[in-house]
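Single-structure report; data block below.
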Amino acid sequence: MQYLPSYRKMLLILRFEERVAELQRTGQVPGFAHLYWGQEAIAVGICHWLRPEDYVLSTHRGHGHCLAKGAEPGRVLAEIMGRSDGYCRGKGGSMHVAAFDQGILGANGIVAASLPIATGVALSNRLEGNGRVAVAFFGDAAVEEGPFHESLNLASLWDLPLLFVCEDNQYAISVTVDKRQGGKGAAAIAQAHGLESRKVDGNDVVAMLDASQWAVARARECSPVLLECATIRWGGHHSAQPTRRYRSTEELEATQAACPIARLEKRLIAEGEATMEELAEINTEIVAQVDEAERFARQSPFPKPDEATQDVYAAQEGGG
Amino acid sequence: MQYLPSYRKMLLILRFEERVAELQRTGQVPGFAHLYWGQEAIAVGICHWLRPEDYVLSTHRGHGHCLAKGAEPGRVLAEIMGRSDGYCRGKGGSMHVAAFDQGILGANGIVAASLPIATGVALSNRLEGNGRVAVAFFGDAAVEEGPFHESLNLASLWDLPLLFVCEDNQYAISVTVDKRQGGKGAAAIAQAHGLESRKVDGNDVVAMLDASQWAVARARECSPVLLECATIRWGGHHSAQPTRRYRSTEELEATQAACPIARLEKRLIAEGEATMEELAEINTEIVAQVDEAERFARQSPFPKPDEATQDVYAAQEGGG
Amino acid sequence: MPNISYAAALNLALAEAMREDPKVILLGEDIGPLGGIFTVTEGLLEEFGLDRVRETPLSEAGFMGCGIGLALCGWRPVVEIMFSDFLTMCMDQLCNQAAKLRYMSGGQASVPLTVRAPIGARNSAAAQHSQSPQAWFAHTPGLRVVLPATPANALGLLASAIECDDPVVVLEHKLLYQEEGPVPSGRHRVPLGKAEVKREGTDLTLISCSRMTQVALVAAEELTSQGVAAEVVDLRSLVPLDRETILESVARTRRAVVVDEGAIDYGITAEIAALISAELFGELLAPVGRVGALATPVPFSPPLEKTVIPQVEDVIAAVLKCVPDSPAR
Amino acid sequence: MPNISYAAALNLALAEAMREDPKVILLGEDIGPLGGIFTVTEGLLEEFGLDRVRETPLSEAGFMGCGIGLALCGWRPVVEIMFSDFLTMCMDQLCNQAAKLRYMSGGQASVPLTVRAPIGARNSAAAQHSQSPQAWFAHTPGLRVVLPATPANALGLLASAIECDDPVVVLEHKLLYQEEGPVPSGRHRVPLGKAEVKREGTDLTLISCSRMTQVALVAAEELTSQGVAAEVVDLRSLVPLDRETILESVARTRRAVVVDEGAIDYGITAEIAALISAELFGELLAPVGRVGALATPVPFSPPLEKTVIPQVEDVIAAVLKCVPDSPAR
């Protein structure tokens, strides 16, 4: 299997998130952005096996899912910057990016809330017999919420073409998973609900690609699956959050060491799939792509005040 | 072990529920009453091992839990009949009977809603180190609700002295459990959350007493436990509901055949713990007890209209 | 016009919508062989099959979300929540997701979801099965909220709700299900956002919704003997609210009493009363009256339930307070 | 009187309550080492330990219920819900259980539970992190609802809430956490159900709560230059509502504008406007004005957020509509 395409995508996500962090520091990104850096292998591994018409439902940490599924970086960034050429015309922002034309049905600001919605999307696929799958990404903390449980049961009961992807980065904001969960984790709970599940090293894109191939295929056969992907959250909960109160310097340094991109780079070179020079070249291309996204977003105007009352209801007069 | 005490309690519940059904038919019970008949062995088996100061949290089908835990039949019936000598002074009714002086913290009209509350009661016990346990009874359908899942996790995480008792009577109103659950059931889900669990024949009070002894003891040691008790719902969802649309005559006949009381009777006689005559005598006593409860409830007045605005807030003037 | 029950009218709306549009699909507890605990889905499983009359686990958040997902994919789900009290189990899905997805996505998402749920006190169902929480949903931008008071409006409003591209909360009243009334034969739609003048009158306007419209009509009838000619406006929709019809009526009668079964404080009657008081400032002959449930949970025992829930006498008393000088008194 | 921030005042209320009463216990997400995402619980873990500063899983229904269970057993839990928007995840526990248990049990149960949650738009947090849902809870009998607008009130209201034997929802405003103000030294309590006249005036009464009281005060200040002397009444409690203070003020000024950050339709302003219009019927010089958020989800992009959320200019405009003949104009 060729890993360069995955490398490109992962690098795009990383460079994109670095740019978001920078733009936020300089006041170009309103609010907070929960960055996906460090977790790139998961979105990229899963989305590798998805078709354009498949669906993805995402979380507050959703930029990576969007880019991996095929969203345009410029329109994602414009949204994050609150501009009118953003996918949601500036109404959603980082936590609500959606790109329906790419099957991306939305990031979500409520932990676990997209899971029940994903069951409906998967049910639609099943009823239409359209061969599509729905993928619901969520963090380890979503496992603690009731809707997670209800969604597993629905998927199991109705044999839905639905893939649950738990990104276990050990943290919910400042609290580690051992202080939040008494049980055996998402994969075990899924099995109790009658789903198949696997645990995978989510920082190893090779392992992710392998597990995802199986998982997407099973889901497509209407056998719902859960993947529990071990990963690491870099830095704070969002780009502006300091971590000193709950994370040691050593721990933080270790996170970067686990970088899935650095890991893949070593392998690409070792296996001869690419040279250092080729990788540097790719990096240059990707940086240019992110530059272009920034240029696009910056030139996009802010929405006009009167747009605030649009899109509340389907027909404008319906608003009452 | 002597089983006559359990026999008495089971029979009290059955005769009580028969009376409630009759009183409802004759217009003495407002609203609907979800009867516990046929499930007596579960409440009686569990409560046998409880101390007066232990806590019970119940469901819409809660009369049996109350009587087994020690509530006065007269005050329970008065409540069900909406009278001012009812435990809740007529404000609660069948679905909300509570007897705080007996550790009965309330039936509940919302499926699964008492489970999170039970975690708090158990946490209180643990923090106070008072050696008490909390028992949360719930039906098989509660297993489908998010709060069930969240409560299992809390109990497991915090090592709560909490016993979850699932009464699996196969039905939620008209829908059988196979049409509602895709997984392996409450006991398996509990294990995935790190709890110990067992399945038990909930129509055999001998088996229930045995499993409950273990379960209550484990819970008292702050090791939360779930018991999944197989049982059968007699008749309709509530006393006034016909079942012809979803239950065959054969199925209904089989339910009575599984009667835990009849089963225990056979055993008591076979083992020589009691004679037919003694059982008949017990029956006479219990009927007299239920007669007395009815007399008590009937002579109790309805609450006065102005009581409607009492007990909304702690101090009357607080209501705003 | 045939006479049918409110439940039968709702059933008809569902059946017709399902016949016309294969994308209409039902989700809920006990909606299959049992036909729903209030008989609204009777016979639909037999006609439309298990795929489209889909009984759910007891997972209100789960299947409300499922309905949203279906809606996002072009279906027109109708989700039944057995009692409106249980909407508390899926408030996030309804109020944070369904209500906001179109907006947050900048118009990409469309959520043509209909949520049906019964409100109201009936037969001592007690505090967790008797609420009238319409104010919560009326206060949630992105939702439309309708409350039929008659079989004809039940049919027409539910049909319109299903056709609407927005999430619509249809609150039905438990005590109305068995009430019969005339229903137009053939295609019938009631536009969302249009109130209906149910009775004309010159002295005062009673404004109400759901079962309280029936209560208001009885009160209006009894008031004739006291010399008061009350007009009755049935709101039908809370969102959008038909301000024109309300104001047009009260501009004529110059007196108004608003009646709702929800708890009075911060309820529906406040919005209507505030609207009238502001828009017809200086033209009213009396303060706008408000009749609602006492601000308590709904009690079980019959005499208490009756005290808390507005009765015909309460409406009459409120009217007479506004019309102290009515000829017959 | 030392000057401290609103967040520090809340922190002080918690710390003092925990020192005085060993039954006060905190539950919530990230309330431990991090000190809460808005710093309100900073230092409490260190002083009171893991048992009483109890970090929870992401299970709002679970730990809200846990708080109720503790309360039933004589504890005084303070449950932090990280954003008030997430109260949708535990509406059943809060509105069907906590609010009703005393009543349904005929007075056997006492639920001395305090629920803290931040409301309001701040810094483009978008539709699911910016709501002001106070009307939902004010409309739920059995709950008390308070909204501090200053550090002193934050301290005094939270202290009273913890001591109250009923469930109290304390809605804090995200934009106020870092605002400083004087706080009485020593024991300080603000009674639940008492409004506060923040500024005296003769021409009109501005009635508001939470951050909108700060907005109203700025507007009142600016209005002096237009010759309008506005009184500002900070409601502080929505339930119980201090009808006396509101009516006493408006009876004097004969004009009122109500300001709230919740969506305007069916919101808090409706209840207050309806109350004033009815009780002071015939005595008002102008219709009661209402200023609230536009009835949309809260948008992300800064210019849109600003459009939706009430600004000082909006309050001034509403006031000037009521006082068209102010001397300076």
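Labels for the chains are A, B, C and D, by order of writing; each one numbers its residues from 1.
As a convention for this text, a contact is a pair of C-beta atoms (placed from the backbone, for glycine too) under 8 Å apart; a residue touches a chain by one contact, two chains touch by 3 or more.
Computed from a predicted structure; not experimentally measured.
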item	value
Contact-graph separation of chain A and chain C, given in steps at minimum	1
For chain B and chain C, chains touching each	A, D
Farthest chain relative to chain A (centres taken as mean CA coordinates)	B
Distance from the mean Cα position of chain B to that of chain A, given in whole angstrom	45
Inter-centroid spacing, chain D versus chain A (mean Cα positions, whole Å)	36
Geometric centre distance via CA averages, chain D-chain C, whole Å	30
For chain B paired with chain D, centre-to-centre distance based on mean C-alpha positions, whole Å	40
Junction residues of chain A - those touching two or more other chains	88, 90-92, 96, 108-110, 144-147, 150, 153-154, 157, 179-181, 312, 319-320
Multi-chain contact sites of chain C, meaning residues that touch two or more partners	56-57, 59, 61-62, 85-86, 88-89, 92, 96, 103-104, 126-128, 141-142, 239, 241, 265, 294-297, 299-300
Arrangement of touching chains [line / ring / star / complete / other]	complete
List of chain B residues in touch with chain D within their complex	86-92, 96, 98-100, 105-106, 108-110, 113, 115-125, 127-128, 134, 146-147, 150-151, 153-154, 157, 310-315, 318-320
Contacting residues of chain A [partner chain D, same complex]	30-32, 82-84, 88, 90-93, 95-96, 108-112, 141-142, 144-146, 172-175, 179-181, 245-246, 302-309, 312, 319-320
Chain D residues touching chain C - in the complex, by the definition given at the top	85-89, 91-92, 95-96, 99-100, 103-104, 126-128, 135-136, 138-142, 238-239, 241, 262-263, 265-271, 273-274, 277-279, 281, 284, 286-290, 294-297, 299-300
Contacting residues of chain C [partner chain B, same complex]	29-30, 32-35, 37, 55-62, 85-86, 88-89, 123-129, 265, 294-297, 299-304, 306-308
Chain C residues within the chain A interface of the complex	25, 51, 56-57, 59, 61-75, 77, 92-93, 96-97, 101-110, 141-142, 144, 164-166, 192-193, 239-241
